[in-house]
């Protein structure tokens, strides 16, 4: 079929009656420019400045010392560990989120709604309270440990205050943010597509690969971004579940702002993390059409 | 350009309409009238201005110059929601959040039609397009053809003076398309609403339309019945756009009142019908449709012979590609029943005097 | 080419009114009232020093005040009141920012933070003639906290369950360090730079306010050596695991251990032989506050035995006013852990502000320990 | 593959559901626990509920949080919807810039952004407090909301409003009956998400609250500074009950209003998302 003919550009009449189109952009402009770009500019400028360690006044200047400091192996090691942890938790999150989202999407409508509510409701109570519940759950002599021993497993399930407990905490906290976008994209699949695929002789696995996976890609990518990025900057969960033994990039960054007051160094860290993340996102977005084309 | 003179008020009257987008002229000085109850099509290639013309009738575009009237009332500058016309969009533009019933009822609710009447008229419209039982489905759950019919019912239920259709069959597959063409024509006959149909597919337009307008580069090239446009094209563009045409260059040596004597290059003098007013000595092109160009395996009596390149069997017809030494490649078509001429064989080409048409060259 | 730019400019009355205008968007009735309240009454309290009037804003831990302190104060001085804003801040950087933010008139602040704020010229010294009741506080605390009214302190010692460590006896930091590897994964340290490294200083025989890089590097080694055998660094419910036995030994604060002992009497408190490090907190007035009269009146009021007893009984902290002892609950006043005997105080070293270089040294050492 | 009866996927899905609910069960159980330091089960009590119920800090905190969450959700939706309307007819280049700014707002670590805004507000003498928190929340909430609304917008036929106008709807009515209604599922989801984020935020609130009352999460953070008692579990559970009730009422109201209105055949919220 021929593509629709390229007609002359459509009219540029105001979108809503008399409102000029640009007025629609005004709220976004105000909130991004005034409350995001300008403060960020401040951070960018700070990252080249120095701080008075007594009264925490920041002196503007053009030193690159803060970026130099960052290249110490101490910090690079911490960053690498954080990237690894956030990558592995994001991937586990994607796998679990996908399975569950797919499970929901294949239920009858009523059950779908119930399950969605079941995903969201636990998150309407305080994040801190929920995270501390994991301390209780995972601790030595806690419910999981006792359950495992009742089953006759040898030794303790003693993973509280290890990187594993941090991973579990992050996985738990971010899972709904993974499930929802994947569900939304899977839910759009016309049920007839499954029948059609089966009709065309696709085995369940091929059906899954050819029909389900391509549809899930946009949701998966959205989920990975929404989960992976904050996971990299997460510092409350490592603090509560890490027992202060595992330093993460998020903690390092938060510490500069909340504990030591080294704003220039913290700003340099933030700028670096931002640039790295932007780069990754850019690559991900470029890769997206290629994935979808498969 | 032929402006049909009638006593009734035209359903659509475009007078001196022009449309520019910045530097781009989309429609140039267009005069066009569509009669009530007519199935009228506008055809032309991409970017010819046909959709822009339709959108000016609907009110989505304001003409840069000229006047748009619907049923005798001046509609220039009137907003779309105040015009007695409705549109079937190329993408259907069905409201995804409303079911079939509410989609169809949309215009009636906007017109504040009473509840009981809404029910009756929506039911009527839905049965007209044979979608009974799908009232509470969402558009996404319907097939392309069904969606197309919802779009049709949604527009027709408002009993518009004119129904505008913007390539409504473009997204359907070939079989469904032919089916829908018949249905559309039947539907138009039964409701009696004026249809203004835009398409780039001349076959589709010919099969349904009472009259056809051909546009190119923003200009109206010709208006007429499908037969007029096909057999008596007003320009070389029209001749080519609506079908395959064999062209022969020549000069008018004599003639008036619709039949001229033309000295055709490489063939000689022939009598050819054409429009009035071509002066003697004018450079012309003689157009002969393939089905009117007879190829007979015999020696030439009048000088035009050609070599068969190949033949293609298409069922009802067989087309033969020919090479005529000074004239280039030609095409002949004949009923599929006879035997195919062998490639490489020599044939003589003839046509009936009435089955050619003269177009003045140089335009 | 550097250009100096102080982060925070002084807030003028005009600026406050401007803020009020911005708040009039309608979302921030509370902040609007706060802004108006603090600027509107400034002239009256500054004008006549005899009338104690106006609302002073206090940044404080949630609930860190006697049940009846604020109401009683308002009853005594009907024109004056204290508005308490709960803050969960823990670091010097945050507290100093609060000093600079001009959102508050006085703050709960420890010796380190007030010391730093003092060095940065961010505090208003009190007129002690207006706070005569300060005499009720033991001298050692007054000396250590010269900027305002010291209210509470906490010693960092050792809590352990002898039954879980083979009935070993711990009397010193040295004993603790010896036992940690033997009972791997059963010891908890405090997750605060000053308390954790300060206690380690004591273990190594240094001052817990040392700024010697060589000493700090030994401190780092000492902690990193046992880190693999530690269960965790915690700053909340530090010793809770001692109750059910999931923790055997803990570096912990005195008041926390006093509470833990009520749940399980097998828990023992140790004031280590080498000495202990302690924090000391109090209320300090912010520079340029217009409510200094209200603050002084309040601190003087709080320093009376009944009010201070209310404060201690509500917060359950170790106290520092001997004359209040009869009014303080027995669980606190009779608890040897919490009573400040001269012998205990002799072993105690309070936090001090370490200066810019010292602070950086400590925080770098701490980061290195946590990253190890 | 029928996942509903798949031997691995179905039980695994139920396990995932359990995973999401187990902490909540722990919270619920502990809220009735007499053991004050959360080290095992001590016995049954409702003491913590009475404590939580009468805790003034919690009450004002909840009120503050609700005001902030509602205000920032509404503002975020306003920003997101107007932005998406603009985005729909913007040039590809302008769109790319707009999208980039959305992503930037999402990926910036919250603590950095909160500090930056804190510095800025101090510099321009903008009063810290509820307004400041609402603005702070709106900056990142509106980015998430924009992402969701925009995804829906991208799926909408650009000719929809023309179709509505063609059927007699004035621009305003076309906007309400078509554009807004077609976006509604995304708006509801984005609103819920914004509310949830804002309702539970600690970092931005801590920096920007100034001398105003603390929102609930900050109150809870303050409460656990030294000691965690089962009271926070009781608070957590009460808050959840409260939120669930408010949300249910909102959904019921939404459904009822829908069935009474002219476009009564819309069906349920999730149905529309289909």
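First chain written, first letter: the chains are A, B, C and D, and each begins at residue 1.
Operating definition for what follows: contacts are C-beta pairs under 8 Å (C-beta built on N, C-alpha and C of every residue); 3 or more make two chains touch, one makes a residue touch a chain.
Everything numeric in this text was worked out from a predicted model, so none of it was measured.
A.B. asks: Comparing the two chain pairs, does C-D have more C-beta contacts than A-D, or is it the other way round?
C.D. replies: A-D
A.B. asks: Centre-to-centre on C-alpha atoms, which chain is most distant from subunit B?
C.D. replies: It is C whose centre lies farthest from that of subunit B.
A.B. asks: At what distance in angstrom does the C-alpha mean of subunit D lie from that of subunit A?
C.D. replies: Centre separation, subunit A to subunit D: 16 Å.
A.B. asks: Counting only Cα atoms for the centres, state how far subunit A is from subunit C in Å.
C.D. replies: 36
A.B. asks: Rounded to the nearest whole Å, what is the centre-to-centre distance of subunit B and subunit C, using the mean of the C-alpha atoms as each centre?
C.D. replies: That gives a centre separation of 87 Å.
A.B. asks: Quick check: what residues of subunit C touch more than one other chain, meaning two or more?
C.D. replies: Each of 7, 90, 235, 241, 244, 246 in subunit C touches at least two other chains.
A.B. asks: At least two partner chains per residue is the criterion; list those residues in subunit A.
C.D. replies: 141, 257-258
A.B. asks: For subunit B, jot down the residues that touch at least 2 other chains.
C.D. replies: Expected reply: 60, 90, 140.
A.B. asks: Quick one: in the complex, what on subunit B touches subunit D?
C.D. replies: 58-60, 79-82, 85-87, 89-99, 101-102, 106-107, 109-111, 136, 138, 140, 154-155, 158
A.B. asks: Of all residues in subunit D, which touch subunit C in the complex?
C.D. replies: Subunit D reaches subunit C through residues 35-40, 57, 64, 67, 71, 119, 122-123, 125-132, 134, 206, 209-214, 218-219, 221-228.
A.B. asks: Could you list, by residue number, the parts of subunit D that touch subunit A in their complex?
C.D. replies: Those residues of subunit D that touch subunit A are 1-4, 9-10, 12-13, 16-17, 19-24, 26-27, 30, 38, 40, 78-79, 82-83, 85-86, 89, 98, 101, 103-113, 115-117, 119-120, 123, 135-136, 138-139, 142, 144, 146-147, 151, 171-172, 175, 189, 192, 196, 199-200, 202, 216-217, 220-221, 224, 228, 232-233, 235-237, 239-240, 243-244, 247, 268, 270-271, 273-274.
A.B. asks: Report the residues of subunit A in contact with subunit D in the complex, numbered from low to high.
C.D. replies: 15-17, 21-22, 24-28, 31-32, 35-40, 42-43, 46, 96, 99-100, 102-103, 106-107, 109, 112-113, 115-116, 118-130, 132-137, 141, 143, 172, 175-176, 180, 184, 187-188, 204-205, 207-208, 218, 222, 225-226, 229-230, 232-233, 235-236, 250, 253-254, 257-258, 263, 266-267, 270, 273-274, 277-278, 281
A.B. asks: With touch defined as at the start, can you tell me which subunit D residues reach subunit B in the complex?
C.D. replies: Residue list for subunit D touching subunit B: 155-157, 159-160, 162-170, 173-174, 177-178, 181-182, 184-185, 262-263, 265-267, 272, 274.
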